[in-house]
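First chain written, first letter: the chains are A, B, C and D, and each begins at residue 1.
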Amino acid sequence: MIRLDNATKVYKRGARPALDSVSVEIERGDFVFLVGSSGSGKSTFLKLILREERPTGGDVYVAGRHLNKLSAWRVPHLRREIGAVFQDFRLLPNKTVYQNVAFALQVIGKSRHHIQSTVPEMLELVGLSGKERRMPHELSGGEQQRVAIARAFVNHPPILLCDEPTGNLDPGTSVGIMRLLDRINRTGTTVLMATHDDEIVDQMRKRVIELRGGQLVRDQDRGVYGLERV
Amino acid sequence: MIRLDNATKVYKRGARPALDSVSVEIERGDFVFLVGSSGSGKSTFLKLILREERPTGGDVYVAGRHLNKLSAWRVPHLRREIGAVFQDFRLLPNKTVYQNVAFALQVIGKSRHHIQSTVPEMLELVGLSGKERRMPHELSGGEQQRVAIARAFVNHPPILLCDEPTGNLDPGTSVGIMRLLDRINRTGTTVLMATHDDEIVDQMRKRVIELRGGQLVRDQDRGVYGLERV
Amino acid sequence: MRLRFILGEVVNGLRRNGTMALSVVLVTFVSLMFVGAAALTQMQIDQLKDDWYGKVEISIFLCPENSRNERCAEGAVTPEQEDAIRGVLEDGALAGLVQEVYYESREQAYDKFVANDDEGIWSSLTADQMQPSFRVKLSDPEQYQVVADATEGLPGVDVVRDQREIFSELFRFLNAATVVAAALAAVMLLAAMLLITTTIRLSALSRRKETQIMRMVGSSRSLIQMPFMLEGAVAATGGALLAVAGLFFGVRYLIEDWLRSSVTWVQYIGTQEVWSVAPWLLVIAVGLAAIASLVTLGRYTRA
Amino acid sequence: MRLRFILGEVVNGLRRNGTMALSVVLVTFVSLMFVGAAALTQMQIDQLKDDWYGKVEISIFLCPENSRNERCAEGAVTPEQEDAIRGVLEDGALAGLVQEVYYESREQAYDKFVANDDEGIWSSLTADQMQPSFRVKLSDPEQYQVVADATEGLPGVDVVRDQREIFSELFRFLNAATVVAAALAAVMLLAAMLLITTTIRLSALSRRKETQIMRMVGSSRSLIQMPFMLEGAVAATGGALLAVAGLFFGVRYLIEDWLRSSVTWVQYIGTQEVWSVAPWLLVIAVGLAAIASLVTLGRYTRA
């Protein structure tokens, strides 16, 4: 599903590489935690997969596409196969919950009929039925993140990327989000999640990929956050 | 040092209050954790103290001033007695470490001489000697947060407010930041820190104030993050 | 669905950057007014040239009696001299340049003069005191100097006059007006382009969140960029329409209503000339917006 | 320290919003050009009025012999009639309005005429055919109609003419030009103000982080807002200076060099009039910037 072959990313000529010949393969249906301290390259890893950045070395394959050779006008097609969730939710503040989720379908040209049938279904999956008409600021952080996940997943992409989705949430709320991601993973979706949250990683016991200074230092099934705990 | 008397904040008429008649007193030299789930009103609590927002009910006293009656042009004087640190660091990206810290002194009109003697001292306190000329993007997250703390504390304010200062940091780095805040607290500075990080709260064993839906539900010396753990 | 979405975004963007959009409209308006005014002035000049140069004749005044002019020291023109002059004009070297030669006798000149003297100030003038003249119509009015040179020295010729001289000063003034209008138009067009660029940038900045989300969910680049381009185009077109309206009413009231009734001897341009300029102004407005979009969008809404 | 800081921020802001600042400069430039042009046109009109109205006279042409005009059916004016007319002008009701009366005899009129007829076309004209006339200078040139009415019907008077009529059409044109320039100036000033507003807003947005930090560390409100206000003022002043330069060179080349040598019978304004307008343009520019700042800053950089 996702394969990096010696992928390297140098942002500024001469700077230390943000990602340093990382090779890793993620299969369809995997649930993978991406851990590492601040600046270790987690977000860069995810950006390469989304083709927000291009590798300066090595190859990246996602959903059967060789991203190094993907032309700019085909990028939107790639993005439709990937859902993305971020720490800061990124909801449109002047649109309701329903409109925020529907927006993702509108802009890729889905019919109104399709939207009207899919969105409520998705809101039910993430547990927000009955709150369709709320505005983002009328929701708790956990609820806002559920809306963001609904928007990322409403198109049923085979891949879901999450960059510290629980970073702004308290431990109780974070657990709820992890349960939701686990449920989505069980439908066969590949989930790749960058996180700092050691408790969650230790509790879920999924595959863990650890980066340090841009290099892959650990790839462990049913792993924990850090080998040496602080 | 800080006193709230039935302080209430309603952002939008008719909306649920973000802070609901909270009364609390914090003495000079205290170290207080402000906990609560997302949307419980932690940031609002801090904003009232900074007079970024005005209470819609009750009274707020900070450093001997009655903020309800403080005129707008005196607010800068209040702010000079309060240092503030945020989750997203808020450094100026095109200024060096040294310039970022010096900026806080420049804009309140300190002499060049004063700046040249104070800034290096402060950078040493937070452990950044030798990195004066780095740009923010050349620093790790923990180092960036140290710069932000240095900037907040360079004027030696009696109060330091921190809104989730470790939210973007991994557990190892967070511990370093907490040690620094503890050291600052020992110099007699009142530290008030809003956080989600249960590990840190449980480990430090300081006074804990818990908000839930805008109401104060707990005020405990040497407390832990949550009474019922998830 | 998509069309509604794009139009909604355009309306949104224009409302959000209202003052900015309004400035674009005003500046485009004024700049295209100048472009239009320069074009219309040139059209007016062309029209006047066609009109007057076609009408004007060369007048070859012949010697009267007792003239103070040295050339006429030998007395009034004789019929032989008149024939010789007519010969030069109708045959000889000038034949190709001359379209028509018309002889105005003393009596004819007197009748014309009396007809123009409404108040009778010159009542005591007699036909004898008028000069006979040849009125020559040229086939190419620009060749005036050749004809003047060839006839000026002939015996019996007093002076040669070309009505065109009267107008050349006016044409110089109108040409200067065109240059000033064009210069102002250039400055203003530059300002308009900078403004459209900034509007698009501002719009892109204020909708960073939307476009970021659109990119993330895989919306096509054209759908992302379309609203911004349309916004600039709509504002610029608004300015162009205002400019056309301004020119229309300007020509209507200043030229058709006022000048045409107060200075009647001139053939003026009218509102139909405004209509012929209008499409060009729209083209310029849309072109401006397109260039500004190309310059800006690549950087601010990468896919 | 603070001054350096503020200036640094201003330079920074202008550089960061370069295209925007440039648009402000250009639009202020053009708008103040119009303000200045309107003012200069009015000054020119005033000057012409002073100049011409002071010079122009009323000409009362007296009857010649054999006039075709009915009023002179009784033949040429007699000396008694002339005295009567002079009496009306110098004593009687008109005495207060008339400054000077000058009698032009047939011979004097003939001499003036011959002097103007360089080419000798009118050589056969004799002094007898000229009309004698009274040339009247008024103490208040606006009172022309009163004098004309009082003299027109007197026996021996052929026609009364006022040179002012020739100029009134020109003044109407110049006044219309002032109105057009003022209207364009108003539109452009509006655009300039919107632009300065947007520039300040844009600048505030692009420096949100700085101002947020400044507020947090307790910098005074005036220090936060000063750079934005100065930015607008600097850009507007730049525009004003360009406008002054534009007017200066416009007057220098169009009026002093060209018109003054090609149409010589007019008293023109010169560059010293531009200098008297210049301070006002600067005041307008700074005023614009101040108003725009007041409108914008409250909202975008609250303390």
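Throughout what follows, contacts are C-beta pairs under 8 Å (C-beta built on N, C-alpha and C of every residue); 3 or more make two chains touch, one makes a residue touch a chain.
Everything numeric in this text was worked out from a predicted model, so none of it was measured.
S.K.: Select the chain at the greatest separation from chain B, using centres from the mean of Cα atoms.
M.R.: It is C.
S.K.: Cα centroid separation between chain B and chain D, in whole Å?
M.R.: 65
S.K.: What whole-number Å value describes the gap between the mean CA coordinates of chain B and chain C?
M.R.: Computed value for the inter-centroid distance: 70 Å.
S.K.: Would you mind pulling out the distance in Å between where the CA atoms of chain C average out and where those of chain D do?
M.R.: Taking the average C-alpha coordinate of chain C and of chain D, the gap between them is 24 Å.
S.K.: Residue numbers in chain D touching 2 or more other chains?
M.R.: Correct list: empty.
S.K.: Going by the touch rule set out above, which residues of chain A reach two or more other chains?
M.R.: Residues: none.
S.K.: Name the graph shape formed by the protein chains and their touching pairs; answer line, ring, star, complete or other.
M.R.: Topology of the interface graph: a ring, with each chain touching two neighbours.
S.K.: Write out all the pairs of touching chains, ordered by chain label.
M.R.: Going through each pair of chains, those in contact are A-B, A-C, B-D, C-D.
S.K.: In their shared complex, at which residues does chain D touch chain B?
M.R.: Touching chain B: residues 1-2, 5, 209-210, 212-221, 223, 303 of chain D.
S.K.: For the complex, give me every residue of chain B touching chain D.
M.R.: 50, 72-73, 75-82, 84, 90, 92, 103-104, 106-112, 151-152, 155
S.K.: What residues on chain B touch chain A, complex-wise?
M.R.: By the definition above, chain B touches chain A via 15, 35-39, 87, 140-142, 164, 167-173, 175, 196, 198-199, 225-226, 230.
S.K.: Considering the complex alone, what residue numbers of chain D touch chain C?
M.R.: 17, 19-20, 22-23, 26-27, 29-30, 33, 61, 64-69, 72, 114, 119-125, 128-129, 131, 158-159, 169, 172, 176, 180, 184, 187-188, 190-191, 194-195, 197-198, 202, 205, 250, 254, 258, 262-263
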